[in-house]
């Protein structure tokens, strides 16, 4: 059986009904374990003091904010090429989750920045391109909301997602060129010397897993909601036509 | 409760706001989901009774 | 046959509106679409004109042959009558608007801005546009709205001339045009509510 | 295509057509900035080239919604789509007309407004060059946004929201080039990047725009 | 009047209705400023309150053209003018709806955007106060401009051009109050002026707007 | 007499269009305006409705008594059919839209967004609005454009009921409404080009 068959809405609903409890459970478990571990049972960093605990929120949410857009990009491509409705609806369902992730990352980053850099916000390349990503999210959601016909909306938002991705990458380079950075480098890459120490590293991984699972659970659930709304709409439309 | 030192405000508000945002997201998601389920059931019931 | 339609289904807002429609249109023939409000005449015409995709079925003969005229006329309020017509003539690669101006008695209005015309005068200008497209198949959606009897006669005459010269026309209307033509009532083709015709909503039923 | 270009230019120059309004907006934004940030001339000189680029961008942006919406409302787009002209060509032509009536006047007016903001002498040349290179990209990207939102009633602000992030790279390189010029540094690198962006968008965007418009027309 | 207010709010919140778009535009203008003038935080801090006022003003301005134009195009204004509701009341109601959906959100969002521009700590309070006092005037003046230009096809930019000079006093006093607040000086005088302008415009403008609209309707 | 018009002249674009028009309208009476395209029917109706000033002449009886319906219907695409009607009912201080919905068979469409209606359905909604204004004099500009025969009959019935209950109506149209009414042809009142009637251009003649 090919993977595409799950793109049938009914099949998708059935499947997601079965796996959703698992994802919800795992997500909540990982988040609770990871965050409690991080908050209560990790030492303070010698330079950053207790603020290092923010890493358990900031890094996973920032990662998910970016990954959510990538997921939307893939889903949009699938919709454009294969025209599976579930795919378009999944992209629609993921966008608000992505926005909240972005907000969390922005907020925790800003709070972290105040003690670390002495400012809430700096026009650093990573921060700036992240902010632009936030704008793309807003535009994407606004476009979905503004268009009445669902298929038209799916097509147009997909095109926007594609073009937006290209420009997001372009902006990243532009911003890099425009200003030199202040923000942390890649601290998770395993081959680097200055990796985050293990005491911080393992609970961080648990938190990341928690955010990923939460994202999956939310997107599956929200996709189901979108499917139901779309079905309601279809039935109502037919009622009205009668 | 671990001793957060002088950064207590920062750390606590970061955790507070983040969990609030996540919670709101989950609550709104579930509420919208439930409403959608309800609306769909209503419509399906109607379409069955009406023919 | 200049236009052949086989087993066509059209949709509007994700819902099939008409299904199983088949008809032919020969050169020199006019076909009048009738049906109550909301039956799907506008949707059918837009589909045939290529403005929206068909759900299923075959349409042949619509490649670069269609002059479409919908509820709105595509007029620019700030261009004069003559400028409006000239623009469309050039877009369709034609020269000369005199014949069209004459057919609808627009000469006295030639230098008026289109925005200052009355409802019926605007409509006449919209219809005159068809004459500068040199396209063989006219697809008209309620062409005689707001026209007085004299203008309706001008339209009938222009349509007759178009048919005589080998053109064809498909016209949706509720009123009598004074044109001898076959009538196609679309009401019987109305899609049933549960019709599976590939509408975009169908996956959700 | 020529007919379309001529018609668009004609319409722009007729009463209510919008020619000069972009320019007026540009002027007004530039004039308002001193009211907002206060009149210290040294401060103004530092932000001048950036504000001018920003003003040009906003002026461009505001004229976007008449780019397609008018033609949509009166049915012209439906008729154009059934005409022999390919939609890609029609949209490129409209972008060109937009640039001629909005972008080009902005470029020409920018030195005058530079005076109002105390732009340093070295900055004028590079400001004009960077605007000249950058504004065509603004028009082409703008028409993409307009094609996306044309079905939405009075999509003006939605259009701005969609288009602005797309304008960011152009703005960064353009303003950077102008700033470097004003500070007597070498502006070649940002100018090259700017030219690259413009060339790329002109090559690709008409296709994306036509695709979006086709979706909206159906 | 209540019916009209509710309808306008409903329309604003419906898809394509424009709620939040003013906000988004405000956000975007604030974000773009650093791209234009460069990222130096000390420079940004100095221009922050002015730019925020300017951004709020522009966001307000851009939403003006949907204020009346949509109702004009679909004939609602003709029908309202023949209804028992006096035109003055109808226009005041529409201005109120505009402020609720555009001005108020801008006021609430301004502190967050202040962070992006490095607004000094003392500035936040006075920025919010000055915007709260000033934005109603922007809505009332805006509806006057909209009434003046409603007959002009796609009058958006013309509207901006007419309204901007009228906005200047509000901007001057508002930005001055915010700037003084940020610099820890006493902002009372400009705030009083601002309040006076707002009260005056609210009292007078609806009559001017109704008169302009009556002329346009005929 | 609910409406009295004496020696009225109306202008459009600074030029007098109709001059010397006098007529009365009694309660229970309908008057149909006829005339070729561009004769000035729309201009006359707008003047009587108070949307534009008369050049000269007297109009009495139009104070808060007129329900006007022009070429466009004042519908909001993003409100449902019921919401649109309710809004107008409240503006005119009325309660209840059921009668209007029923008169034009709009109940099945009540929850549809007005933007998704077909041309004729929109028009029906526009006409239903008249029934929630509770105004005695209707002024209608081509009310039956795009309507099918059934809807035209609904309109005739609603108009008849309005007249029976003491209302009056002034209707500009080119087609037959199936309504017994007096006819006023405006063509004879057309202003001559040099007519001095106080038009704004006159000072320059």
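A, B, C, D, E and F label the chains in the order they appear, each numbered from 1.
We adopt the following convention: a residue touches a chain if its C-beta (ideal position, glycine included) is under 8 Å from a C-beta of that chain, and two chains touch if they have at least 3 such contacts.
Just so it is clear, the model here is predicted, and its values are computed rather than measured.
**Q** By CA centroid distance, what chain is farthest from chain F?
**A** Between chain F and the rest, the longest centre separation is with A.
**Q** Counting C-beta pairs in contact, pick out the pair of chains that comes out on top.
**A** Looking at every pair of chains, the most contacts join D-E.
**Q** When chain C meets its copy chain F, do both sides use mostly the same residue numbers (more than half shared) or mostly different ones?
**A** Shared-number fraction above one half, so same.
**Q** Return the distance between the CA-based centres of chain B and chain E, expressed in whole Å.
**A** Each chain's C-alpha centroid was found; their separation is 33 Å.
**Q** Measuring from the mean C-alpha position of chain B to the mean C-alpha position of chain F, what distance in angstrom results?
**A** 52
**Q** How many Å are there between the centre of chain C and the centre of chain F, using C-alpha atoms for each centre?
**A** A distance of 28 Å separates the two centres.
**Q** Residues of chain A that contact two or more other chains, please.
**A** 132, 135, 138-139, 142, 146-148, 178, 231, 235-236, 238, 242
**Q** For chain C, which residues are shared contacts with two or more other chains?
**A** Only 13, 71, 77-78 qualify.
**Q** Note the residues in chain E that touch 2 or more other chains, in rising order.
**A** Answer for chain E, listing residues that touch two or more other chains: 15-16, 21, 24, 28, 35, 73, 153.
**Q** Chain A touches which residues of chain B in the complex?
**A** Within the complex, chain B touches chain A at residues 1-8, 10-11, 13-15, 17-18, 21-22, 24-26, 29-30, 32-33, 36-37, 39-40, 43-44, 46-47, 50.
**Q** For a test of understanding, state which residues of chain D touch chain A in their complex under the given definition.
**A** The touching residues are 144, 148-149, 151-152, 155, 158, 161-162, 164-166, 168-169, 172-173, 176, 189-190, 193, 197, 208, 211-212, 215-216, 218.
**Q** What residues of chain A sit close enough to touch chain C in their complex?
**A** Checking each residue of chain A against chain C gives 8-9, 85, 149-151, 227, 230-231, 233-235, 237-238, 241-242.
**Q** List the residues on chain A that touch chain D in their complex, please.
**A** Residues in contact with chain D: 132, 135-136, 138-139, 142-143, 146-147, 152, 155-156, 159-160, 162-164, 167-168, 170-171, 173-175, 177-178.
**Q** Please give the residue numbers of chain E that touch chain F in the complex, ascending.
**A** Those residues of chain E that touch chain F are 2-4, 7, 10-11, 14-17, 73-76, 78-85, 217-218.
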